[in-house]
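One structure is given here, and the rest of the page talks about it.
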Amino acid sequence: MSIKPITDFLADRKAKLLKKKIKKTMSEQEQLQIQAEADNRFSLGVWLPDAARRAKQLSLVTHPSKFSHPGASRDCSMIATTDVISNGFLCGSSTNTKHDVLGNAAAIDVYKFLSIILEDEQTILEHLEQGTDLIRGAFKIPTASFEELQQGFLAIKQLSLKTSSKIKQVYFPVGDDNYHLLSLLTPSGVMFSLSEKIRKMFSLSEKIRKKQEHSEQGFKELYDLTVIGFGGEKPQNISVLNNDNAGVAYLLPSLPPQLQQKNVLVPKTDFFKNSLYWKDHFNTFHRLIATGYNNINIREDRDKVVNFIISQVIERMWAIRQLEAGWSQNQLYQQLPLAQKIWLDNFYHKQREEDEQWLTDIIDEFARWFMYAYKKNVKDSKLFGDEEFQHIKTLIQANQEGLK
Amino acid sequence: MATKAKNDMASVLAFEKKIVPSDGYFYGTTWDKRNSEALPLKLREKSVRGTISNRLKKALQDDPMKLDAKVENANLQTVDSCALAVDQDTLKLHFTLKILSGIAQPSACNNENFYESYVNAINSYINEEGFKNLARRYAINIASGRFLWRNRVGAEQIEVVVKLTETESLIFNALSFDIKDFDSDKNKSDDIDKLANEIANALSGKQPFALFEISAYAQVGQAQDVYPSEELVLDKTNSKNKKSKILYHIEEVAGMHSQKIGNAIRTIDTWYPEYQEVNIGPIAIEPYGAVTNLGKAYRNPKAKADFFTLFDKFARGIKLENKNDEHYVMAVLVRGGVFGASKD
Amino acid sequence: MRQVLVIPQVSVQNANALSSPYTIGFPAMTAFLGGIHALQRNLKIKNTLFNDLVFTGVGVACHRINLQTYKGKQDYVASIIATANPLNEKGERPSFIEEARCHLTVSLVIEYKGLSMEYEDEFITSIQTEFAKLKLASGDILGFGKLKRFTIDEKTDNSLRPITRLLMPSYVLIERRDLMIDAMQQGQDTIDALLDHLAIHHYSEKNEAGDVEWIAKRKQLGWIVPIATGFHGISELGQAMNQRDLSKPHRFAESVVTLGEFIMAYKINQLNEMLWHYHFDSKNNLYLCQQNK
């Protein structure tokens, strides 16, 4: 019984070979001979046993070893079979991703063959694993038994349980002085589907940016990405997915904010007026107070935004405190109020702790700046009365530990 | 090592390095005020015009106008550089150096039998030698400022100050040492012995560790170029106008990689087979005696002089042909690395 | 009353910055807990006084971090700066996996139990020695500040202040897995849920006058980052060839990544807000570092 996707696959491979081999300059005789050889090679009876024999040159896995070390044996890979977990973690088992293939690049056609999807949406490989009647029928050839073919093809999923000194092995304590030893592998399918999604974000943002038109849906951007490469000039030596991705994957940044900032605006007259600017947050703040005051959710959200602005001020304060102690003694800063000098210049470190009058001053200035900045940054700022002023001040006071 | 399948093979075996330098920071100062003031040196970016060295296309050769234009635009490259300021004549390189005990303790070893015989071999080496020979060589490399690398060349004077404790420092006139011949009379002094002793005590476990603060001052001349480490950037971007030389800095201060300082300190191998013939002096301790800039490995397994061949015997208590092979094996363990027998 | 030890200003060089196959930067939480666990083991080996000593939780406050990547002026993405690997026996450079490194200064906050009062001096001196000999996150420890012990009485307000003041300025890493769980409960794919919290969303709004105004916004206020917090076992427990220690059950595993947040140390009010612990979830084969808030 012949199955169309299989005959198509073989016909296609045959056509490609003929196109490559047959030259116009050849005699008809030569052309016919090549044709006959190809007919034979891509007949089911010849091609299937040959492919089944070559399947063991490949490994079809979820966690290839070569991403841990290019010199690690292909046998140190894994096929994960555990259930999908869904508790807030990203890992190979929390998302549906592709399998990867590693091994002899010349045998990739075998993998492509096994991936052919038949009419019931199952792949040839899945049929082979279940030994379905359909595949038994399709693989009925005089040159090999079904069992031989099946065993040969399924070698693509055979692994010996083997780790390596080239793979990171970590101890993990599991209680009562017991440990498990974990050999760490990379689910390349997850790594590359992350990269694919990032590339899609790039192209969408480029498209919308170019148009320069109003877009409610907009686009998303990631910053500070790093690329990592596998396999150098020969990504195919690592795996098929690696080769498909040109041997490159994106890494997401996982870094704290930098305390040492390169361009700190050192205040000459007033920290709040010289060293800060945040239009966007005041806009958010504005939107929240403009929508309606008495709703508790909105009040909470508003306080979150205020607290966020406060923490930004504190971070900026630390950036200035990183400057060399005594910086405020320079002529340039003679107009800076003493309270702010004590607050910001580590020269006054002791004084800062001994008497906290300066802190009262700073909290007051902070609250007044907040009102001023809101009115200045937001076009149609809403009334900002004494009640709100006191509330902002209370929030700043609650954060005073950070201002010290 | 994998040739003999024995029950005393460790397929996984690894050691942590026992000589742990920090990165070196570059400062500029003057020779006279070297002990009192120094300013961090920053990197500068500059454009340099390379010469056309590749073969030109035929069409270009025949058209002088085009050739001129090509030469004008030739190889405009951006590179990092680093130099002393006009009022500075001395480079100060500063780093810390930690020497650790625990050589008998691999960080990973998966064979008990191997481990036992290994520990015995190490302990008998420590009892006999106490790391004196190796420590002396490390000490000479520190005192002579070998870790300055190219900055050592052509300097008028070099002083290396090794701070042992808050109150005690050793001061060396670096150029007075012979860095090709460790046994030279020039290299004998009480201070070298003292430094070597500190190192040996830590390596052999008489004290848990030693920590030194090291400052080297090289008088290289006013406004002269100095040489921080070069970065190995695995660039995968397709951008044009790439910088062709990127130098190392640590938060804006020019720096020398810790690995490069470590490499200089362990440049003590004079025991490799071709030492006399090739006349390149001591090489860094490496499992195959590899010298990166020469692209050559001086301890080839064929000559049975590589670490794996020697260690295989040594760790099983087989006496090595000569003491120098033992020194070499121990020095590789001090260097650290992954030495398991598993091929994959 | 809770006992806390702070190892301030630990300076680490060339720590492993590849915290998972998807993230680069601050070393994985497992690396910090692993380092402190090794310290506990070494103390016990050295001295029987510490037989009952347990480090029950670890907090990490980051003062500075310097990731070894390079980005050219015109590049949108950064590349990893490698260290030169030694040549092989042929004098050639062997193929290798890119290793990302960082230098960082952190303060470690360790809660401990099981130490008698009279041995506290030995405790401090032993840690000074043993910690100096360790590695942290595969990096070299170059130095650290003077160790400090604290007793926290959580019934009194502000009992944590002396600690958070010692930590300032710094950012403390806390777990924000709640954000991932919320997003996934709303049916989002894990990768999308993660990216959604990291991306900046640019979109436009039309105001009353009809002017288009572009807005850039993150999904969540605060410094949210992806973090590696443990491993997920993907094979059965058993034996495998070439395992580094034959006396321990072995299995293959993969990194697990979730969301975290860096917050300034002064914002921490309760010890538990910053402490992380080991947790083995045998049902799901999860090996985790997590918080109990």
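To keep things simple, chains are lettered A, B and C as they appear, and every chain counts its residues starting from 1.
Just so it is clear, a residue touches a chain if its C-beta (ideal position, glycine included) is under 8 Å from a C-beta of that chain, and two chains touch if they have at least 3 such contacts.
Only a predicted model underlies this, so the values are computations on that prediction, with no experimental measurement involved.
Distance from subunit A peaks, on a Cα-centroid basis, for B. Chain C has the Cα centre that lies closest to the mean of all protein Cα atoms in view. The chain pair with more C-beta contacts between its two chains, of A-C and A-B, is A-C. One inter-chain figure worth recording: subunit B and subunit C are separated by 31 Å, centre to centre, where each centre is the mean of the chain's CA atoms. Our note on geometry: subunit A versus subunit C, Cα centroid distance of 18 Å, whole angstroms. Inter-chain spacing, taken between the CA centroids of subunit A and subunit B, is 37 Å.
Of all residues in subunit C, those that touch two or more other chains are 64, 76-77, 79-80, 98, 241-245. Contacts with at least two other chains are made by residues 11-12, 108, 234, 236-237, 251, 340, 342, 344 of subunit B.
Multi-chain contact residues of subunit A, defined as those touching 2 or more other chains: 71, 162, 164-165, 169, 227, 229, 260.
Interface of subunit C with subunit A (complex): residues 18-19, 21-26, 30, 34, 37, 62-65, 67, 69, 76-80, 94-98, 100, 161, 164-165, 168-171, 173, 177-178, 180-181, 184, 189-192, 194-196, 198-206, 212, 215-217, 221-223, 225-229, 231-235, 237-245, 248-260, 262, 264, 266-267, 278, 280, 282, 284-287.
Considering their complex, residues 11-12, 16, 20, 22-23, 96, 98, 100-102, 108-110, 208-209, 211, 231-237, 239-243, 246, 250-251, 257-259, 286-288, 290-292, 294-297, 300-301, 306, 340, 342, 344 of subunit B touch subunit C.
Only residues 71-73, 75-76, 162, 164-166, 169, 227, 229, 248, 260 of subunit A touch subunit B when the two sit together in their complex. Note for the complex: subunit B touches subunit A at residues 11-14, 108, 234, 236-237, 251, 338, 340, 342-344. Every residue of subunit A that touches subunit C in the complex is listed here, in rising order: 62-63, 67-71, 78, 80-82, 85-95, 160-165, 169-175, 179-187, 190-191, 193-194, 197-198, 201, 205, 214-232, 237, 249-260, 280, 283, 304-305, 308, 311, 314-315, 318, 321, 399, 401-402, 404.
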